[in-house]
């Protein structure tokens, strides 16, 4: 198809845009992207108010959780409605270490990742035998079952008052919100770089192979069970880090932070962002943090009294979920990609090779977005 | 011993309610291969409407029948308006749409009915039956729960097994394209599946309300346990929903009675994991075929 | 309701209250401020004070609790309509946190960092408010009158935090002492929420009751509370508990009483204040009727189950219609929050909100014209004990004690007492069965309160 485009030696002043390519070596390419992102976020956080910084930090932590879920569901085809519970495991691990030991902050975060990943192993092994809705049912129950355990043994887990978390002291006179946001942003960027590399590595290919066809994958020499468990463990580890960060943002860790609705919202935000995409998770996280606020202020315009307008906010949230799923079935990232390709196609009169149902280029259509049902 | 008997009886009546809602999930899954996370919220909505009708002075049974009828219409509407446009899209989209519907319905109920606590009457006395000298934890209303759910279950089975309409429904769910070629109005029958599920869900809502704190959220946990029941039963089988419901009801009742109520979801999780380890597609799944 | 020690105020009439209320505000409560000094405190201007709170307005925790902040706001509207405090009108922003501490943390930062509120007033919940306690204290933002009875609000580490309602342990001790005195030798069972609320309440009960008399300790988990608490009730019955002490939210009170009635188990209930508000619990219990039967029959069924139950109260309950505080509260809702009054009426939650809002007004007045955050805290610690509030006992604030009320009166719900009438029906009222009693969260004894029971301010009377 490419031959139909304009000649490459064209001096058209937009063509340099098309020629511009990031390095093809994945690690380098992702590091450059991450550094650019870091630069932009640095400019943003240092110019905004402390409260906005706090919100950006929250976005970063949800990006981590969503990216892990996107890997699990989009790349490996497993649905999890229980990632909120993995966040709880990470948060409690970090908070317990902070309460009882004097460990290094980084070590505490690594322990949070490790504990959540270990729990991911426990849930992931039986999950390998399950498909679609069966797996959804099991993980949903997991998200409901885990938090009450912390209430049951309240002397260990702090009960209602929970366990206090402390952010390491900020260097210089950076305000605490900006400093916390930076810890979370750096965590998010490292996670994204690692996941992006993983996806393009041998492991990523085997994830997708298993997702597309387990039997074909096993014929090709991929250990299906092990691959699925690995995806679960990585996803849980991401949730663990996000949980630790949520504990830092909130200031304490208690069970009220990890209700069943958290797990459900994570899945919804991931699908809204664009299943299988990593960049799309920023959209999902922005919606998680801002959508309820926007809808609350929007519902303020209708004079319904506080209780009713609070409910109106939840209605708006639900309507957005429904409308996006019907209008942009591949999520926001998919919709943007589709629009971008349309624009490029118009500019260069080059029909992009786009999968009709998903809006993704043909070679990147995940199975969940194929016509197959 | 009387403790054990009371806990068991309690498990049976809650298990029957889980079975009714699980049946609704099964009907929808058979028809469209979707888990309807809004099933509990739809039941909540119809039960609130019934409570409004009762407040207007309508008789209990009229309100009861009206709730079932509204459930039928609501189920059909949801399928036509929200689910049909997703045909051919990723299987995650209906999940998110039904979650969105759940949120919207709870919000609407919150705007209309507020948070004020209210009661919902039971069809029959909730006072326990007297056996020998003591009252047991099983009332006339519990008897009604068991009978109502069994009647619904049998009616659905008769519909599927013994009528041409049921045969067509099974055909359109099992092999839609072929059924269409044979002149079956597949779309209509999928809608009918959702509508029947709406009826089953409404029944569950009406049966749960008198023994729970009746609020926009009162079906949330019931839905989770009904989902557990449906998964244990195999998601495709009405009988599986019944058995799954009873097993789940008894399990959480025993865990609650002997280990503490906070561990009930954990008990259900262990039950589900054990059941799925033995039969990964549920106890009553048809012989599973791996697609190659 | 006929309280033996309160008959003298029974002759007050509602017309008097209606007229006096506005006068009191103009004359004594709010000294007019000719040019309030240009205070530089955050959230304060020469003619406004911004305060904020986070409360559950949606979600499973919202029922009942969503009435408190709007009721508080009615107090502020009333004050604003009469010129504000020292010429400053109060702007109250209350945001919905859905009882999720992560939301509380975000919204509290929004209130403090973005909206720059002067103080956080009347935020609800133990898990939610412990989450922001460190933040508010480090920002030196007063965290006033937290709507929770946790023992954790009086902590020298957190000088900005003040509780308000009686700590659950204080309630537990007062009710425990009543059980010991009146149901001696009977077997006692507990049914409590498995969190701070239940544990602190048990702490109080256990200080008073001999441990041998406690035969069963049942709990339930609030997050997974779905259906009736049949199992716990069956366990209490088979353990032979004759007295059952409940530390339950209203829904859980109903979900315990329904299955108990079903198996013909009729213990003596002793219910913490939180779970015993008849207009809140009553509608839930009315499910016990068959096929509707009309609101009257429903209320009667509920009354039948609640009749004889023991609870406690720290201000005059809504059913005592001749009490001047109750009259003031009712008038205030009717005039300044008519939609709230139409929906909920005067019940335990709206009364709570009004009493709390009124306490804050008293604190603002005590802090004087030159309003600062530290000045407000000093004023509460210094003169909090003298605040005139609907509470039976004075607030116990001092520089070292940050608990509010530490006393209550034991009440028996009775179908012969005047009922509490709300938009949802007519619900069982109560009769005082003990004098007002005081104690503390520590090992102090439960003693009779001998001081004066407050009435709406005296000058309010003379200027009318």
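Think of it as A, B and C in the order they're written, each chain with its own count starting at 1.
Keep this in mind: contacts are C-beta pairs under 8 Å (C-beta built on N, C-alpha and C of every residue); 3 or more make two chains touch, one makes a residue touch a chain.
Note that the coordinates shown come from a computational prediction; the quantities given were computed from them, not determined experimentally.
For the pairs A-C and B-C, the count of C-beta pairs in contact is higher at B-C.
Farthest chain from chain B, judged by C-alpha centroids: C.
Averaged C-alpha coordinates put the centre of chain A at 32 Å from the centre of chain B. Rounded to whole angstrom, the centroid-to-centroid distance between chain B and chain C, based on C-alpha atoms, equals 38 Å. Across the assembly, chain C contributes 58, 62, 66, 194, 221, 224 as residues in contact with two or more other chains. Across the assembly, chain B contributes residues 107, 110, 114-115, 220-221, 260, 262, 265 that each touch 2 or more other chains. Taken residue by residue, chain A touches two or more other chains at 144, 148, 151-152, 307, 310-311, 313-314, whereas all remaining positions touch fewer.
Residues of chain C touching chain B in their complex: 58-60, 62-64, 66, 194, 219-221, 224-232, 234-235, 237-238, 250-251, 254-255, 258-259, 261-264, 280-281, 283-293, 298, 302, 343-344, 424.
For chain A in complex with chain C, the residues that touch the partner chain are 49-51, 54-55, 58, 144, 147-148, 151-152, 154, 159-162, 164, 177, 246, 249-252, 254-257, 259, 289, 296, 305-307, 310-311, 313-314.
Listing the residues of chain C that touch chain A in their complex gives 57-58, 62, 66, 69-70, 94-96, 99-102, 104-106, 109-110, 113-114, 126-128, 130-132, 134-135, 150, 152, 194-197, 199, 221, 223-224, 339-340.
Interface of chain A with chain B (complex): residues 73, 79, 126, 129-134, 136-138, 140-142, 144-146, 148-149, 151-152, 215, 260, 264, 267-268, 271-272, 275, 304, 307-308, 310-315, 317-322, 325-326, 329-330, 357-358, 368-369, 371, 373. Against chain C, in their complex, chain B makes its touches with residues 2-3, 6-7, 10, 14, 54, 59-61, 107, 110, 114-128, 130, 134-137, 139, 208-215, 217-218, 220-222, 225, 253, 256-257, 260-262, 264-265.
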